[in-house]
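Below you will find the structure I want to go over with you.
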Amino acid sequence: MFVYEKRLEYPIKIKNTNPKLASLIISQFGGPDGELNASMRYLSQRFSMPNAQAKGLLTDIGTEELNHLEMVGTIIYQLTRNLSESEIKTAGFDAYFVDHGTGVYPQAAGGFPQSSTAIAVKGDPITDLHEDMAAEQKARTTYDNILRLCDDPDVIDPIKFLRAREIVHYQRFGEPKRSTWNDCD
Amino acid sequence: MFVYEKRLEYPIKIKNTNPKLASLIISQFGGPDGELNASMRYLSQRFSMPNAQAKGLLTDIGTEELNHLEMVGTIIYQLTRNLSESEIKTAGFDAYFVDHGTGVYPQAAGGFPQSSTAIAVKGDPITDLHEDMAAEQKARTTYDNILRLCDDPDVIDPIKFLRAREIVHYQRFGEPKRSTWNDCD
Amino acid sequence: MFVYEKRLEYPIKIKNTNPKLASLIISQFGGPDGELNASMRYLSQRFSMPNAQAKGLLTDIGTEELNHLEMVGTIIYQLTRNLSESEIKTAGFDAYFVDHGTGVYPQAAGGFPQSSTAIAVKGDPITDLHEDMAAEQKARTTYDNILRLCDDPDVIDPIKFLRAREIVHYQRFGEPKRSTWNDCD
Amino acid sequence: MFVYEKRLEYPIKIKNTNPKLASLIISQFGGPDGELNASMRYLSQRFSMPNAQAKGLLTDIGTEELNHLEMVGTIIYQLTRNLSESEIKTAGFDAYFVDHGTGVYPQAAGGFPQSSTAIAVKGDPITDLHEDMAAEQKARTTYDNILRLCDDPDVIDPIKFLRAREIVHYQRFGEPKRSTWNDCD
Amino acid sequence: MFVYEKRLEYPIKIKNTNPKLASLIISQFGGPDGELNASMRYLSQRFSMPNAQAKGLLTDIGTEELNHLEMVGTIIYQLTRNLSESEIKTAGFDAYFVDHGTGVYPQAAGGFPQSSTAIAVKGDPITDLHEDMAAEQKARTTYDNILRLCDDPDVIDPIKFLRAREIVHYQRFGEPKRSTWNDCD
Amino acid sequence: MFVYEKRLEYPIKIKNTNPKLASLIISQFGGPDGELNASMRYLSQRFSMPNAQAKGLLTDIGTEELNHLEMVGTIIYQLTRNLSESEIKTAGFDAYFVDHGTGVYPQAAGGFPQSSTAIAVKGDPITDLHEDMAAEQKARTTYDNILRLCDDPDVIDPIKFLRAREIVHYQRFGEPKRSTWNDCD
């Protein structure tokens, strides 16, 4: 187990490889509503927030999402360890394998690369906080969908943990939205 | 004046060309938070809404945004009529002109083409309605920014009308969100 | 049956779900040659057309394509109703499901989001009408390919209707091309 | 003068640098309707053409467009030689310079990278030939627009040559379309 | 056999169709590290190289990659000849077929279109040569991955030939890097 | 001064706003060779590295690049504080302002959004380390270009610091490349 796995918020130990499942969960690594886009959305928006409370909240949650990015990457990595050629072929993992082997690349389940086209930084605090609350709902829904397609408890547990955090973030984004609203409008 | 101009919700008659302003306003035609993406967001999401009220609201607003797309296109068209070569060169309109002449192409002010990468359809009504409320705030902010850079009353008036409609939409999206929330969760 | 289904040009009633087929037909919703790109191509190009006949034709066909977009969305929606988890997994619908559930999102069969990069608005009427005739042939070919992979008569009938309309549009775009050619060149 | 300049179809000797003009002409290097996309459109489509005549024509024109790509690249290179920092700043060339120096990168005048999203290969010969005729009209229009913004005869001459070739290609694509039409439909 | 097949560096005669394999190998036609991007990387970078040796080397290798593009296209074409509808459906080739039939389109195995976003032209010779050496390693790895998933000797042989060429290119890019380094830094 | 500014590796205090310069430096925030893509390239590749040394190095440098991302964002933020409308218009900052106000959005100087299309994760350690060395050279070149266009010492100093770090990273990536080469091949 490597350094970065020790720092994870939630332990990840997956016994059975499952490349098909890895190819779905990757959407929370590099998909439009995944942890990378979440983190970069908040860590970019914080600069133009009007007060220290909002800046601090975005920095906190943006940093936590980086840890979650690491967790999702670790899940994908463990699900694709020691694959045989025949597993790659029969599991629908072959297209991914051609371009990335068993490396972890930021892309959506649909196969296209991560892009900031899916995040907004508008420089208006009320607007950016709405974007953030919507982002948390979109991430929560993606985890809901993953849970419906997953029956390995080693994977279900950390995915449930990650899903729960999105709900907490959603609620926390509501706070500066209310206080900022009072200041701005 | 052509057929489609007669059907517009708000009359548009711009006396003075201004290609620079056209190249900025085009973000509300084809930019990430523009009218085309707004319309397609709602007209796509409606299919999976859980009740007739939400389906109807998304159809109504999505259709209204198509009219607003037409208004924005008309503004751009009128701002670029009868340009001379020297106006094209000095106004910073030359890069656009090379690829589109004075045609109206769906792109952002930054120069890249419209893409559905910037819209989400998650199949979860609560999530999609959050996405929609955020979208209305993003469009409202873009109109705010345009108004800060615009001093032609022939343009300011319809832009103010369009901005006001985004606020109404925002409020209307709150209604099914509350009722759907009760049904879903 | 919802409001928007009553307005469709052609009735759609699909008895059997088929998520795999839905994931292919979606290219005519949001693929490069699909109905959304078709509609936006014509509704954007019309502004710079040189006469009322050409403007009217583009407005008519662009609006009709919006109705066809609605038909294709309805087909996809009906093909994915009441899916079980095991149907999602075995039908090759899982990657789409992770990101969109059973919502209808504008993307190509290949999995990437709709983009106006695939449409041209050049501000030259002869050129734009060539683009339009090519677009109708591309849509017609896509429907041909879908028909080769489809054996459900509830789906075949509306797809054949849509294919036939592309041929009519192709022929109608030839008319202003000839008359405009005389005016322009 | 380097090897590849000797092989060009049309001699290019530009005495005066003009980075602004280079940043516009680059659309015919890497823009949606530029020579790179033209060449790759034809050299890709040829594989599925139904007879040797059509395959040969696409190979010929696709190869010629590679030579034209070289000509456009040479024009851009010569227009940006020996720039001073102050020329870069005042000429609107600074954004390009930050990412590419005075290298020649395949992008549109609008600043976004070349993409095959703007080309179609449908595997249907009639459709592909329509796509090709539209492509030639789009390239011709782009050259028309460049000529309206250009007053250096060292540049005007090769651009006029390139424009003339697009018209010849357009006419030649009409030939296999007619003969293929007879065979296919 | 057509003209362009005669000109290939390495003969290609594939007896058995295999659309699944074609859908993987296509990454070396239009994927981020494929032959098209390789060729355009070198043929674009050459303009700003500081001496005839480096310009010549980039022109040579860029031209050779065009031949390899042709070889990869020929492999894909031969692997998809005379497909039946049932082969298309069962082989996982259906999504590709909907949009391109059995035409050869520049895309990655993951399904998204070729883009120059994946290539760099920085106008600095040392940097561009590093980019090129990395590009050859990426192409070599992609061929390695394809070879692990392929058991048809008619395909393995030309893929091995193409892989070997990437290693030669890698070594050749090291030469001007060393000499240019001496000149530049 | 906010929390995140205290944590920066190098102090940033810019006295004079300069929106034009901000719009160029943004390429090192969200451009293809910027700090965000650098960080995500290394933090993604580390999972499949074959030994703890290489994993550790990629984690270290990837984390350091996150700090540099913060520095670049801070530079952009300070360069755009307290802008007047007339400064926005005359400085060529208007297109950016329409879509993002004075928020900090991950995009290239050319105006298009950040995308992982410009990074590679191939799952092969030798290849990934080549990609990384090339990435450091590309970032170094971008900083070189920025320095040629910049005359404010408050900006020059941190940019020089960032440029120097890229050279250190380049050298450090050479170490595991050599040792990994011995292990792998």
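Think of it as A, B, C, D, E and F in the order they're written, each chain with its own count starting at 1.
Criterion: a contact is a pair of C-beta atoms (placed from the backbone, for glycine too) under 8 Å apart; a residue touches a chain by one contact, two chains touch by 3 or more.
Quick caveat, the model's predicted, so the values are computed rather than measured.
Visitor: Please compute the angle of the rotation superposing chain B on chain F (C-alpha atoms), rounded to a multiple of 5 degrees.
Guide: Roughly 120 degrees of rotation.
Visitor: When the C-alpha atoms of chain B and chain D are each averaged to a single point, how far apart are the two points in Å?
Guide: 33
Visitor: Report, in whole Å, the distance between the mean C-alpha point of chain C and the mean C-alpha point of chain D.
Guide: Result: the chain centres lie 29 Å from each other.
Visitor: Between chain A and chain F, what's the gap in Å when you average each chain's C-alpha atoms?
Guide: Each chain reduced to its C-alpha mean, chain A and chain F end up 22 Å apart.
Visitor: Which residues does chain E have that touch at least 2 chains other than itself?
Guide: Those would be 32-33, 92, 99, 101, 107, 110-113, 115, 117, 120, 122-124, 141-142.
Visitor: Chain contact topology under the given definition, line, ring, star, complete or other?
Guide: Per interface graph, the chains form some other shape.
Visitor: For this entry, which pairs of chains touch?
Guide: All touching pairs, sorted by chain label, are A-B, A-C, A-E, A-F, B-C, B-D, B-F, C-D, C-E, D-E, D-F, E-F.
Visitor: Any idea which chain D residues touch chain C in the complex?
Guide: 32-33, 115, 117-118, 120, 122-124, 126-127, 130-131, 133-134, 137-138, 140-142, 144
Visitor: Can you tell me which positions in chain E touch chain D when the two form their complex?
Guide: 2-4, 29-30, 36, 40, 43-48, 52, 55-56, 59, 66, 69-70, 73-74, 76-77, 99-107, 113-117, 119-124, 128
Visitor: Report the residues of chain B in contact with chain F in the complex, numbered from low to high.
Guide: 20, 23-24, 27, 31-33, 92, 108-112, 141-142, 145-146, 148-149
Visitor: Once bound in the complex, which stretches of chain F touch chain B?
Guide: Against chain B, chain F makes touches at 85, 88-89, 92, 94-99, 101, 107, 110-113.
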